Amino acid sequence: MSVAHPAEVHAHPEMNFLSKYFFSQDHKVIGIQFLFTSLIFLVVGGGLALLVRVQLAWPHAEIPLLSWMFQDNGGRMPESFYNMLFSMHASVMIFFVIIPVLAGAFGNFTIPLMIGAKDMAFPVLNMLSYWFMWPAFVLILSSFFVEGGGPAAGWTSYPTLSSVAMPAGEGLQSPAAPNSGHGQVLWLLALTFVGISSMLGSVNYITTIINMRAPGMTLYRMPMTIWAMFITAILQAFALPVLTVALILQTLDKTIGTTFFLPDGLTFGNWITGPGGGQTLLWQHLFWFYSHPAVYIMILPSMGMVSDIISTFARRPLFGYRAMIYSIAGIAGLGFIVWGHHMFQSGMDPRLGTGFMIATIMIALPSAIKVFNWLGTIFHGNIQYTAAMLFALGFVALFIIGGLSGIFMAATPVDIFIHDTYFIVAHIHYVLFTSSIFGIFAGIYYWFPKMFARQMNEFWGRVHFGLTFVLANCVFFPMHILGVGGLRRRIPDITASPREAAFMPLNQFITISALVLGAVQIIFVINFFYSLFRGKPAGRNPWNSNTLEWSAPSPPPHGNFETVPIVFRGPYEYVEVEGHGDHLPQTLKLEGPAPTAGH
Amino acid sequence: MTKILPLAAFALLAPIVLVGCGSDGYSSAIVYGVRTDPLVLDDKLGKEGYEPDRPGVLPILLAKDVDNPFNPMYEKGASLFKDGLLRDPTKISDKDRRTLSKILQAYFGRPGEPQVAGVDSTATRILKLDQDTLSAGSQLYRLHCLHCHGLAGDGRGPTGRWVNPHPRDYRLGLFKFTSVDQSDVPRPPSRGDLYRTLQTGIDGTAMPAFNMLTGDDLQNLVSYIIHLSLRGKVEFETIKKAFDYDPAKGTLSITEDGRDDVYNYIDAMVSEFVSLFAKDWVESQTKTIAAPSYPYADFDKETRAMTAELKESIQRGQKLFLGEGADKAKGVMPSKEEAKKANCVSCHIDYGRQARYKFDAWGTLVKAQNLTNPIRRGGDRPIDVFYRIHSGINGSGMVAHSKLEPNHIWDLVNFVQTLPFPAMRKAAGIEID
Amino acid sequence: MGKWWSILFGVTMIACTLLFVVSPFVGWWLPEGVSTHSWSVDLLFYFILGITGFFFILTEALMCIFMYRYCSSEKAGRTVAHAPGFFVRTYNKWTPPAIKGSIAKVLNDPHKIEMAWTVLPAVILLWIAFAQVDAWAVIKYQSRMPRYAEKNQEFTPLQIDVTARQWEWRIRYPSSERFVEWMTRKGDPEILKDFQSFAKIEQKDDVKLVNELHVWNHHPAVLQLSTRDVIHSFNLPHMRVKQDSLPGKQIPVWFTPIKHNTIRLSADGDVWIDGYNPDTKAQDRNQIWDLSCAELCGWGHYRMVGRLYVHESQQDFLDWLKSVEAKMLPPRAK
Amino acid sequence: MEHAKLEHPAPEHESKAHMGIPLPNGKLAMWLFLVTEIMFFTALIGVYIIIRNGQPTVRQPWPTPHDVHLVEWIGAFNTFVLICSSLTVVLAHWSLHTKNVRRAILYIGVTLALGCVFLVVKAFEYNSKFAHEILPGRIFEKLDGPYGAKFVRHVAAQLQEIEEHHPNSKAIGQVKKLREEIGETFSGLSPKQVNERIVGPHHVKDCDKPERSFMTENDKGILEIDPDLHLSYSIPFGNMWASCYFAMTGFHALHVFGGLVVFTVILVLAWRGLFGVHHELMIELTGLYWHFVDIVWIFLFPLLYLV
C-alpha cells in the first residue's frame, strides 16, 4: 500500500512501518485496514454465492472446476456441502463484509473527520477492535477445513440442527449433520470475536460522537453519515451482548453438555440425546433480538452515506434533514421490538405474532419517509452523475423494492405462504446487496480521493455501475417470482418436488446473470487497484463537498486537521451565495446575515 | 485504463463459457474400484460392550484405521488379520488388482453403463437386470443414494460415515429386512422387500422414504441395487477364495501357484460366482413367507377397550419373550415349553434397555433394539414385526424364529407392539419395571 | 449524457414490473389455493401487491423523471448555477414558486408535504396491519381450532398425528373402526376422551404411513405436529399452511380443503392416485399437491417432500383407510 | 424545526476545544460499557427465567435448592460480603477525594480481600457440586430413556467404590443389597427402581416413580440414611438447572475476578508509590464497575437460592 503521503505525515518520525500500517492507532489506517480485509472477504463470500447458484441451475451436473473434490459423490456437490456454501455465504457477507465495512471501515474513517476531531476517543481501543477481528477471520476460515466441513445450519444456526452434540467429553461431532460439529463451534467462536470487536467499536464511536465534536458542530449540524453511525453504534451496544450470550450458550451446549437450546430425547438414528429441558425457540428469540437490529446495523450507515452523497451531487440541501434523523432513530427504535416477525411460523404464540406484525408494518413508515426525502432532494437539483452518485441513486431505486417487498412478509397471513421461500431471499438481497453493498460502493467511490489522495476512474466506475445495476436486478428480481410460486429456499435440487421443478428456466437465467454479475466486479477491483497507484491525483475537495472531512488534506495526516476546524453551518448548504458558488463548507463563516437553508 | 477493456471482456465471457460444462450423468472417468476395506470373515471380532462409533469415524475396521491408537480395535489390530477374522484387500498386488478390476468391469460395466453379464436370460428377466433398467437405476442412484451408500454400494459415501446406524453395505448380499424364508440359509430379499424399504424408508435410521419417486423409478433402483449387491458379493467371494493371505510376506496373492494364466483363473471364478449368486436371488423371489391369519379381535367396538383375548395374548407374549432368562425379581415365570422357544430377553436384556453391543456381519457395532422405544426399523405394521420374528434380521445376530408356532409369533408381535406405550401396558396388565 | 442514466433506470424498472405482469401467464405464480382460508391469504397478497405496486411505480417514475429533468450540465466537482425551485430558500431569499394556485401552497410548504407523505402511508400501513389480524387469527389461533363435535358444532374434525424426522413425514391415522366411532358418536364423553388422547397416546391399531397425508374434501383436518430431531416446517403450499414443528412440543395445525385431487384408480381396486382435476375430469400435473419441509433440517432437507391426497368424500377416505389396514395384517381368522 | 435560523456560532464554541456533554470520555465510555454489560446479564437472567418457567410441571418439577445441594445462608453470606465490598470501594473513592491516599489504599485492600472471600466461598460451593456430580452433562434425569442403562452402570460402579472405600458407612448394608440386586449384568432392577432405592420412596419425583415398587412406606433410601455418600440419582431438570447455575454464577465470578485484577493493579501501583490523587477518576470508574458486579449478584442470589 504505497500511497503517496504528503509531508505532514513525517511529523511523526517515531512510527515505524509496523506501527504505521499494522498496529496503527490512527483511525484512518484502521478504517482502511477494515476496508481491505473486508473486501477480501467480499470475494470469498461472492465466490460461495456463485457456487450456490451453479448448483441450483444444474443440480444434477458435475460442478465445473470443483468436480475433482467430489469424485466419491459421482462428481456432484454433496448436499451438506451446498448447505455449508449458503450458510457460510451469509455468515461471511453479514459478519465479515457488510458490518465491518460499514461500521468498521466507513465508521472509523469518517467519524473523526466529519465531526472535526483529531482521532477517536480511545485510539488503542480502536486498534483492538480491528485486531479482535483477526481471531474471527482465522476461526471462520479454518472452519472450512476441519472434520465435517464448515457450518451448514444456515447463518441463523437454529438449534437443534446446529447444536445437537455428543455427550460432554465425547468429541464435538454432531449426530444431526456433519457440519454441525467442529465447524459450528468455530463459527460460534468467530462470531463471538466479531461481537467483541463491534462492541469495542460501538462504545468508542458513541463516546467520540458525543464528546469529541469540533467547536460549533452541534448535533443538528452533523452529517447524516455521522447520525447513522451514531445510531448504529447505539444499536450495536444494546443488541450485541444478547447475541454474545446466545453464542456463548450454544458453544456451551456443544462442548460441555449444557442444554439451553436442547430438549431431551431427540432421536437421530442410534443416537438419542440425553438430559435436556432447554428450548429451541429461546435461541431464535435471542438470535433475532440481535439479528433484527443487525439488519438495520447493515443498512443505516449506507442510508447515511447515501444521503450525504445525494445531497452533494444533486447540489441541493438534503430535504427534511431532521425528518431523516428522526426516521433513522425511529427505524432503530422500532427495530428492537419487531424481532418476532422472523418467527411468525416458528411455533411462537400466534397472538404475539399479531403484535409483532403491527410493529413491523409501522417500520415501513420511516423507511418511506426517507425515500420521499431522497426524492425531494434530487427534485430541482443539478444532478452530477458520478459513479458515487449513481450508486447512491441505485441504492434509492432498489431500496424501494426491498422496502416494499418487506410489507408482504410483515403481513402474517401472507407470510404463511412466502416464509422460507425465495421471496425472502429476494427481499434480503434487495436490502443487503442492492442497498447496503451499493451504499458501500458509493462510499468507496466518494471517499476514495480522501483515503488515498487519488481519484478512481470515473468512466469505468460508471460502467461498473451500469452493469451491476442491470445484472443485480436480473439476479434478484426474478427471485420474487420464484417466491410467489412457492419455491423453498435452502434447497440444492429443486427437482425433488415436481411443483418446484417448473422454475428451472428462471433459476438458470438467474445463475447466468449472477455469474456475469460476479465477473463485472472484476472491473471494480482493477479500477480500485489501478487508481490506488496510478489514479488522477485528487485535491482536498474534488467534489466541492461541504462536510468537514473535505477541509482536511488528502490523505489526512495523523491528527487530521492542521488547525481545529470551527463549524459555522449545517452540512448540506448547497445554496448559491454570491462569490461562493453553491459550495459553502461547514467551516465557512459568512459576513452578513446567516444563510437559512432549510432542509 | 485501456488495458482493462480486454480483461473485462474476458471476465464477462468466462462465466458464459463455463455454463453447462458439466454433464448430467456419471463422467466416463468414474469406475467402480476394487474394494479396499477389509473383508469381514467372522463377526467374533472382539468382546462385547464397546461404545459404538461416533459420527465421522465410521469404518472402525478400515485397515488404516485399525492402526489408529484411538480405535477400540487397536490392541487386537494385527491379530485380527492373522487370525483370519479380517482380510485386507489393499495387500493385493497391483497387477492382480488390475486384472480383477478388468474382469469385474467386463461383467458389471461401470456406473455410467452398468450391466450384469454372465447370467441366464431367466434371471435377467425376473430380476430385471437389463441394461436400460440398470442405467436408469444408476442415474437415480447417483442422485438419491450415492452420497450415503457410496459408488459401489459399500455404504461409504461422503455422508455415510456421519450417520449411525451406518448405511448398508450391499456387498455381502445380505439385507436386513426381508419377508423371505430364512429358516435354512440366509437369503437375499425379494424385489418387493427392497421396493418397500425404498418406499417407506427405515425409521430410526438416516434412510428416508423415497415415495416421492414414481413406482417405475423405484423398480429401476431396486434393479440397480441388486446389480451392486451382486457385483459386491462376487468381488467379496473372489477375493476371499482366489487370494490368500501370506503372513510371511504380509500380502494377498493368488492361491494356486501352478497357474500362470491368472486372468482365466479369476475370470472362471467370477463367472461361476455371478451365476451362482444370481440363482440365489432368483430363488428368493419365490420364497416369500405366507403369513398365517391373525387369530384375535383386538378392540371392543363399543368401549374401545382391549379385548380379553388380546390381553391374554400380550401377557403370553411377555412370557415367551422372557423365556428361560425370566427374572425372579420381576415375578414372571414362563411355563416350561413356552420358555424354550423364544427367550428374546437373552439379547434384548431388560427389554432391550440394557442390551450390549456386538459385532455384526459387516464388522460394525450394533446392539439389540431397545423395544421400549416405539421405533421399529423393519416397519411398524404387525405384519412387519411378524416377518422380523419369523425370518430374523440377516447379518445382525437376530436369528430366524421360523420354528415358533404362528400363534406364538402373533403373541410376541402383540407384546412387542404394546411394550413402548405405558398406557397400553397398563391396559394389558403387564409391567416392565 | 447524464440523461441516459434515467433511461437505464426506467427501462430496468419497467422490465421488473413486466416480469410480474407476465409470469402469472407462464404459470410462475401462486399455486392454486384449495383451502377455505386460502382466499383470505391470497386476497391480502393481491391487496398488498396492488398498494406496493402503486407506490413502486409512483416512486420509481418520479425518480426517473427527476433524474432526467434535473441532470446537471456541469461536471462533477464544479459548482453549479441553481435554477430557482421549490422548497429551497437560497441565501437570504425565498424564490417564488413556479406553480400557482392552491396546489402550489401545499407543494411549497415543506411542512405540509412532509406531513402528507408521513400521514398517508401511516394510515395505509395501519389499515393493512389491522385488516389481516382476523385472517391470521382464523388460521393460527388455537381458540379457533376445530374441535370434537360437542354442542354447536356440526362435525368432528379428522385428527392426524404428523411426526417429522430427518427427512420424512411420519403420519399416524386412527384405525378405521376408531375413526367411524369419532364421526358417528357425537357428544359422547367416552369418545371425546378417546379423541383427545389420540395425539398423546399411540394405540396398537393406529395406521402409520410415510409422506402420505390423506384427508377428504370439505372437512376440517387437525394435524398434531411434532418432530423427533430438528426443527422442520410443515408446508402445504396449496392449502396456504406453514408451521414449524419444534422439538419437544406438539403444535396443532388445521385446514379445510375445498377441492379434491384423488380418485380410485379402478372401480373396485384399492389403488388411489392423486393429480386428478375435478374441474376438467382429467389428470393434471398441477393437481399433485406436495407436502414439503420449509425449514432447513440437514442435508436431506430438499428431498423432504411428501404428498397431500384429498379424497372426494368421507366414504372414499374410509375405503382408502381400510385398504391400508388390510395390508397391515393378514386376514383375521374369525 | 427546519426554519429555525442557524444562529451565529456562540463565543463559547471558540473557547472550547470540542463540543460534548460535561463528562470525561472515560466515564462516558464506562457507562456505555456498563450498558452492554447490563444487556449481557439481562439476556442471561432472561434465559434462566424463561427456562425456569417454561417446561417444568408438577410431575416433573424444577429442582429445589435442597435437591441440588444449595445452601441459602452461604449465598446470603456472600451477598453480605459483596455489599460490604461495594461500601469499601465507595469509601476508597471518598478518601481519595479528600486527598487521603493511605486510607484509600487501605480500603482498596479491604475490597480486594472481600472480593477474594466471595470467590473462595464460591469455590467451596462449586466444589460441593463437583463432588455430587451436579454438573452439566453429568446429571441423570428421565430414567426411562436410553440413559437409564448408563445410570444403572454408573451407580453400580459407585456402589462398588463405596463398598471398597467407605465400609463404615451407616448405609453399607443397603449398599451391598442394592449392588447384589442390580447383579452382574446390571439387569436385576430397572433404572427407576435403582433410583428409588437411592433416594427413598418419599423423595422420588412423580416422573421417576417405578411401575412396580419393592419398597414399603417405612423403607429409607440410601441417601436418606447416609447423605454424605456420593451416589448419583435422578434430578428432573437437573441438567437445565446446572446449565443455568454455572452459566450465571460463572460469568458473574469472571466479572468479580476482572474487578479483583484491577484492584490488584491499583495495589501494585500503590506499592510502587505511583498511586495518588490523580487516580481519582480511575477509582471512580472501577467503583462503578464494582457496583455493577454487586448489583448483578443481588439479582442472582434470590433468583437462584430463594425463588
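When the chains are written out, they are named A, B, C and D in that same order, and each has its own residue count from 1.
Here, contacts are C-beta pairs under 8 Å (C-beta built on N, C-alpha and C of every residue); 3 or more make two chains touch, one makes a residue touch a chain.
All of these numbers come straight from a predicted model, not from anything done at the bench.
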Worksheet item: Which one of the chains is farthest from subunit C, going by Cα centres?
Response: D
Discussion item. For the interfaces B-D and A-C, which has the higher count of C-beta pairs in contact?
Written reply: A-C
Worksheet entry | Distance from the mean Cα position of subunit B to that of subunit A, given in whole angstrom | 50
Fill in: Separation of mean Cα positions, subunit C and subunit A [Å, integer]
30
Practice prompt. Return the residues of subunit D touching two or more other chains; collapse runs of consecutive numbers into ranges.
Written response: 2, 55, 146
Worksheet entry | subunit A, residues touching no fewer than two other chains | 78-80, 177-178, 264, 267-268, 272, 276, 279, 320, 493, 496-497, 595-599
Item to complete: For subunit C, jot down the residues that touch at least 2 other chains.
Response: 110, 165-166, 248, 290, 299-300, 303, 305
Worksheet entry | subunit B to subunit A touching residues, read off their complex | 1, 4, 7-8, 11-12, 14-16, 18-24, 26-27, 30, 52, 54-57, 111, 142-143, 146-147, 150-151, 157-159, 162-165, 204-206, 212, 373, 375
Practice prompt. Would you mind writing out the residues of subunit C in touch with subunit B in their complex?
Written response: 165-168, 170, 175, 177-178, 181, 190-191, 194, 197, 201-205, 208, 210-212, 290, 299-300, 303-307, 327-334
Worksheet item: What residues of subunit A sit close enough to touch subunit C in their complex?
Response: 78-80, 82-83, 152-154, 158-161, 164, 176-178, 262-264, 266-268, 276, 279-281, 313-317, 319-320, 323, 345-347, 350-351, 353-354, 357-358, 361-362, 364-365, 368-369, 371-372, 375-376, 378-386, 389-390, 393-394, 396-397, 400-401, 404-405, 407-408, 410-414, 416-417, 419-421, 458, 466, 469-470, 473, 477-478, 480-482, 484-486, 488, 490-494, 496-499, 502-503, 506, 542-544, 575-578, 580-583, 592-593, 595-599
Practice prompt. Could you please specify the touching residues of subunit D with respect to subunit A in the complex?
Written response: 1-3, 5-9, 13-14, 16-21, 23, 25, 28-29, 32-33, 35-37, 39-40, 42-44, 47, 50-51, 54-55, 135-142, 145-147, 237-240, 242-244, 246-247
Item to complete: Can you check the complex and tell me which residues of subunit A touch subunit D?
Response: 116-117, 121-122, 167-169, 199, 202-204, 206-207, 210-218, 221, 237-242, 244-246, 248-249, 252, 256-260, 264-265, 272, 274-279, 282, 286, 289, 320-322, 564, 566-570, 589, 594-599
